[in-house]
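Read through the structures below before going on.
Here come two complexes built around chain A, the first alongside chain B, the second alongside chain C.
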Partner chain A sequence: MQVFHDVAGRIESRPLLDWKAQGKPIVGYTCSYLPAEVFHAAGILPVRLRGIETDGMDIGDVYFGPFICSFPKCLLQLVGKGKYRFLDGAVITPGCDSMRRLDECWRKAGKDYEGVLPGFYYYFDVPHKAEGHGLQWFVAEIEYLIAEVEDYFGVEITDEKLRASIAEYNKGRRLLEAVESLRTAESPVISGADAFSATIAGAIMPRGEFTEQMAAWLEALEEKPPIDNVQKRVMLIGSISDDLELMRLIESQSGALVVSENLCFGARREGRPVDESGDPVKALADHYLGASICPRMYGKYKQRRALIEQKIEGANVDGVIMQNIRFCDLHGAENALFERDLEALGIPCLRIEREYGPMIDRGRLKLRINAFLERIGRRKRNAG
Partner chain B sequence: MRAEAKEYNYDWMMGSILEAAAKLPAGSRKETELTLRYIPHFKYALGTLLDTGPPGVQFLQMLSDYYKNIITAHEQGKKIVATTFCSTPVIFYAMGLVPLTFEVLTAVGAMVWKRGMFEYMDYGCEVGMPETSCSAQRGSLGAYLAGLGENIDLIVCDSPGVCDTNATAFAFAAEYLDKPFFQLNFPSTLGDERSQSYHVEDFKAMIGFLEKQTGEKFAFDRLEAYLKEIEIQDAITADLEDMLLLVPTPIPPIYTLMIYAGRFCFAGHPAYTRVLEQLRDEARRRMAAGIPGLRAGVEKLRVLMCYIDHYTVDMNFYNYLETRGIANTGSILTRNFRDSNTYCQSLEGSCYGIDTSTPEAMLETVAQMNARLPMVRSIRGPYDQHGMWFDECLALARLYNVDCIIYNGTSGCRNTWGMIKPFARDIENQGIPVHIMYDDAFDDRVESWEASRERLDEFFTVRGLL
Partner chain C sequence: MSIVAGCDVGSLTSKAVIMRANKIIGSYILKSKPKPEHSADAAFKGALAAAGLSVKDIACLIGTGYGREKMEFADNAVSEISCHGKGARWLLPSARTVIDIGGQDCKAMKLNSEGHVERFAANDKCASGTGRFLEVMAKVLGLEISELGPLSGKSKSPITLSSTCTVWAQADVIKYLNSGEPIENIGAGINIAMAKRVAILANSVKPENDVFMTGGVAKNKGVVSTLEKLLGMRIKKARRADPQMAGAIGAAVLAHEAVSSKESWTKGMEFN
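Moving on, here comes the complex of A and B:
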């Protein structure tokens, strides 16, 4: 378990440095739409890029304007500071407008700061439709990506290799599903912070090592007693967050446990196992685009709400904390709709706006979360 | 929102104001002057339009007609489709629908009202839209979310892939108002076979959606008539573009607003053709008489607005350009990117042609036309990619021989705020000064016009341009 916290808690973690020490390439990517299996099949370590450890914005603010989400700014800040010099490649995806503009800002920063732009730098286009011509477009995008990776790194990515990588990733997905069932159980044995650190680590560690560690952790969990005094079962949803401190802040409040989440660094990113039969590229496209539940896929609010409701019911959630990073309209607007509809169902909701990166507004968040948990507690007492 | 703001149907109110304004020039000069005294908050904007003569009067009539269509749509048995400025209304007219474009209505409100659209913008936030969302939609949308406008029947947007905040506003409205929703979306490239094909497939899907919502089969003969009218409109626009090349240009700064607002409201409709004819005839008259487009009488400077204009109260921006002697060569909204335009010669793949020979050709035409509207055309991909924002601005700046480029947008625009700084640096490296305005085109509360004006003056002075 500790390895997951170590990996989730810092950028240059031990497994990543070990991989690099072996002379093997690492490619960073920015969004959950990228099929990491493509890189795994090429013997490349795909690493989800993060903005933790940011201690200023003097570089990010030079390239981005003022009305932009702090996540890509933090990424660019770290890029400029040389924190990602270990990357052999980077893939930018248009998850949202702020993130897609990281493409140009990073390239321009690469001209100002020597060595911060990796040799392999790729823009991976993702449509906003998961059916018909949208899906076809995405299939072609994966094929182009494969061709570019093969060409640049001098590797061959065969269907057999892709199938093997899908199978390896699926092992991890099944183990994460098992973790999810333990955390959502009536008497959970794991905290939200532990579960979240594992899912984050899954996007960073070499997949084989991740699978081994997950299996070992699950085995150890069989002996673990349930967590004491779980009085308020909370769900966390909203904008991109890989911030363990936010999870810990919620769980540091008396009796609160994050028993479920719907975050793109969380369990949602892995989703259900990818189809291992048939064309592997089509299977990856179906999984990464077709099963997408991110608000960038417009017009699918009802499906997303149904999923949230299903998770609420499955984890017996008492209340939902909805966070959005300032300037994240995608989640900001959708959180308002969730709040309207879930409150109508009698599910308490808290909407908070925050910045990505160091928890500079910890006090404010703590105060609001505390008040929300009090509301849940009062409601449960009245009901009981 | 104040209780009194909820007393009036917003569409009826704005429609009535514009209808009365359009009738004003029919009276005597004395009547007009007296009326202006009774409308202290609208008189400057109205005066600015009336000062342009017949084009301004025709433009007011067109806006009045636009509102009349919305207000009477249901009486006529037509459905109202809420849509966005970067989506051509042609397809909706051909389907017998009445398009209602949030951004146009917000701009009209911002120019007409003393308080602009602030209360309606804030109402959008009251019901859950982020305060950081784009003011262009949030203004008029606020009225519809509050139930103060005509009942919207369906919602179509074409901004996914280009503008999250725009698309989010429409998706939010669809859920909040519980309306059928369709999105066209755009890949990050333009002009290549793959993206061209994507546009057509997307458009076919949209027609299927519209047929389902209206219960009617798409009528290609109606589309053909609209496209033929666009042929006429594009030819007139190309004439105006040519006159914009002249130094001094006979085109007044506000003409560009009338060119694009008309296209957003009535592309393919004779109401827009009448406005364009007036604009062209007046510009030709000025050209023949050697009269510059600027009231100042001297053209001291030429600017290119690389994004959008400034719309808040009283049309201050256009009057500012007039008084400083600055010719406005247009914004990202102005140009139609029809292949017959001079500027298309250096922007391969960015333009479209019209072919009405077969239904398939018409469909291809309207899909490609739609894909070349503002925003969806040149800020869909990395700004320095072939044919995108940098190429386009540089080509236009050189062709129109501008002295500087000015960026003005909204604080909700993640897309352009995400790269305006490196973009400006790249343009400056080409020897063209760039000024970034930190205001909001539709919301004076972000930065007052007076502050924006000071900063513009400072820029022109410091850079030695004026």
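Moving on, here comes the complex of A and C:
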């Protein structure tokens, strides 16, 4: 378990440095729509890029300006400071318009700061519709990506290698499903922060090591007694968040536990196992474009609301905390709809707007979360 | 009958209230000190002295405000959102919407029929719409903060502040002062700018009658009357006590409820 917290807690973690010390390449990527199996099949470590450890915005603000999501700004800040010099490649995905802008800002920063633009720098396009032409387009995008990776790194990514990588990733997905069922159970044995650190680590560690560590952790959990005094079962959803401190802040309040989430660094990213039969590229396209839907996708609100409602019921959630990064139109707008619809169903909701970064809003967020949990506590007492 | 207390350590002022049989028997307010524990201590001792009591007479004390977790003598801490809701209900039993403007934040709360906070919104962006905004502006005008409110009644042509960002608004105010604009027009413009920011927040919780204001800014007639116009609703006044004391009163009411509902009082128990 500790290894997951170590990996989730800093950028240059031990497993990543070990991989680099062996002379093997690392490629960073920015979004949950990228099929990491493509890089795994090429013997490359795919690492989800994060903005933790940002301690200023003197570079990010210059390229992006003040009125934009702070996540790509934090990434660029770290890039400019040389924190990501270990990367052999980077893949930028237009998860939203702010992330699309990271592509051009990083390219420009590459001219201004020597050595910060990796040799392999690729823009991986993702359509906004998961059906028909959109899916065909995405299949073609994965094929282009494979060809570029093969060409630049001098490797061959065969269907057999892709199938083997899908199978390896699926092992982790099944283990994460087991973790999900433990945290959503009536008497959870794991905290939200522990579960979240494991899912974050899954996007960073070499996958084989991740699978081994997950299996060992799950075995150890069999002996673990349930967490005491769980009175307020919380769900956390919304904008990009890989901040364990936010999870810990919620869980530091009396009797609160995050029993479910739907974040792109969390349970939503891995989802269910990928189909292991048939064409692996098509299977990856179906999974990454079709299964991990976020508000960037057109016409999926009802499907997403149904998923959230299903998770609320499955985890017996008492209240939903919806966070969004300032200027995140996608999640900001969706959170307002979720709040309207879920409150109408009698599910208490809290919407909070925050900056991405190492919990700079701690006091402000704590007050809101505190008051929200008090509301849940009162409600449960009145009902009971 | 148990004697209980509530202590609200805010960013600008700290307040404490002592209650017996649901009635205030002592209260104290002071400007907050750099350390919240010192503010809490001074406010509590001041209220005890006003009631002619000592610490051992208090059956339960609840702390609230940003310094709520720094009060060693408190039996528990409750968020100021819950406390202001409770305090507003005590001050005005018919209150369904509470607007609290504190020193560094501004909150709008919707209460259910039992007086519990069902929905709330709080300022997320900056100091505009908070007591600090008025404090900064009063200082620029060379006035006491209590002198700002009456200026609205004297002005026939309030200025329009181009921005409610505290820093930019301050620059605008200095510009108007330098150009010889009468001070009442500037003061009225400041109160209007403040009310506009607060109205956005209040509207986000869909206010219902009766609307009630707590916090120090509730005493600013200019802000209150503009807010009434913007919301199209009357804002009721408190007669039982100073609305600035609402957080501390709410904390004391919660302490009273906790003591009344539990035969054996346990320190640290949950009663939010």
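Assume the second predicted complex is superposed on the first by the 384 of 384 C-alpha atoms of A that agree within 3 Å, B and C clash if a C-alpha of one lies under 4 Å from a C-alpha of the other, contacts with A are read in each partner's own complex, and residues count from 1 in each chain.
Note that a contact is a pair of C-beta atoms (placed from the backbone, for glycine too) under 8 Å apart; a residue touches a chain by one contact, two chains touch by 3 or more.
Remember, predicted model here, so these are calculated numbers, not experimental data.
Overlay on chain A: chain B and chain C fit together in the combined arrangement. One of chain B and chain C touches more residues of chain A, and that partner is B.
Once the two complexes are overlaid on the shared chain, A:K129 sits against chain B while remaining clear of chain C. By the document's definition of touching, neither partner reaches A:E212: not chain B, not chain C. In the superposed model, A:D88 makes contact with neither chain B nor chain C.
By the touch criterion defined above, A:E309 lies against neither chain B nor chain C after alignment on the C-alpha atoms of chain A. Contact with chain B, but none with chain C, is seen for A:Y63 once the two complexes are overlaid on the shared chain. Of the two partner chains, chain C is the only one touched by A:R364; chain B is not.
Contacts of A:Y301 after superposition on the shared chain: chain B is touched, whereas chain C is not.
Of all C-alpha pairs spanning chain B and chain C in the superposed arrangement, the closest lie 5 Å apart. The intersection of chain A residues touching chain B with those touching chain C, taken from the two complexes, comprises 326, 353. The residues of chain A lying in touch with chain C in their complex are 231, 254-255, 326, 352-353, 363-364, 367-368, 370-371, 373-375, 377-378. Every residue of chain B that touches chain A in the complex is listed here, in rising order: 127-130, 132-134, 157, 160-161, 163-165, 167-172, 174-176, 181-183, 185, 187-189, 194, 197-198, 201-202, 205, 382-384, 411-423, 425, 436, 438.
Contacts from chain C toward chain A in the complex involve residues 66, 78-82, 105, 116-118, 120, 122, 124, 270, 272. Residues of chain A touching chain B in their complex: 62-69, 72, 94, 96-98, 100-105, 108, 123, 125, 127-129, 132-134, 137, 140, 295-296, 298-299, 301-302, 324, 326-330, 332-337, 339-340, 353.
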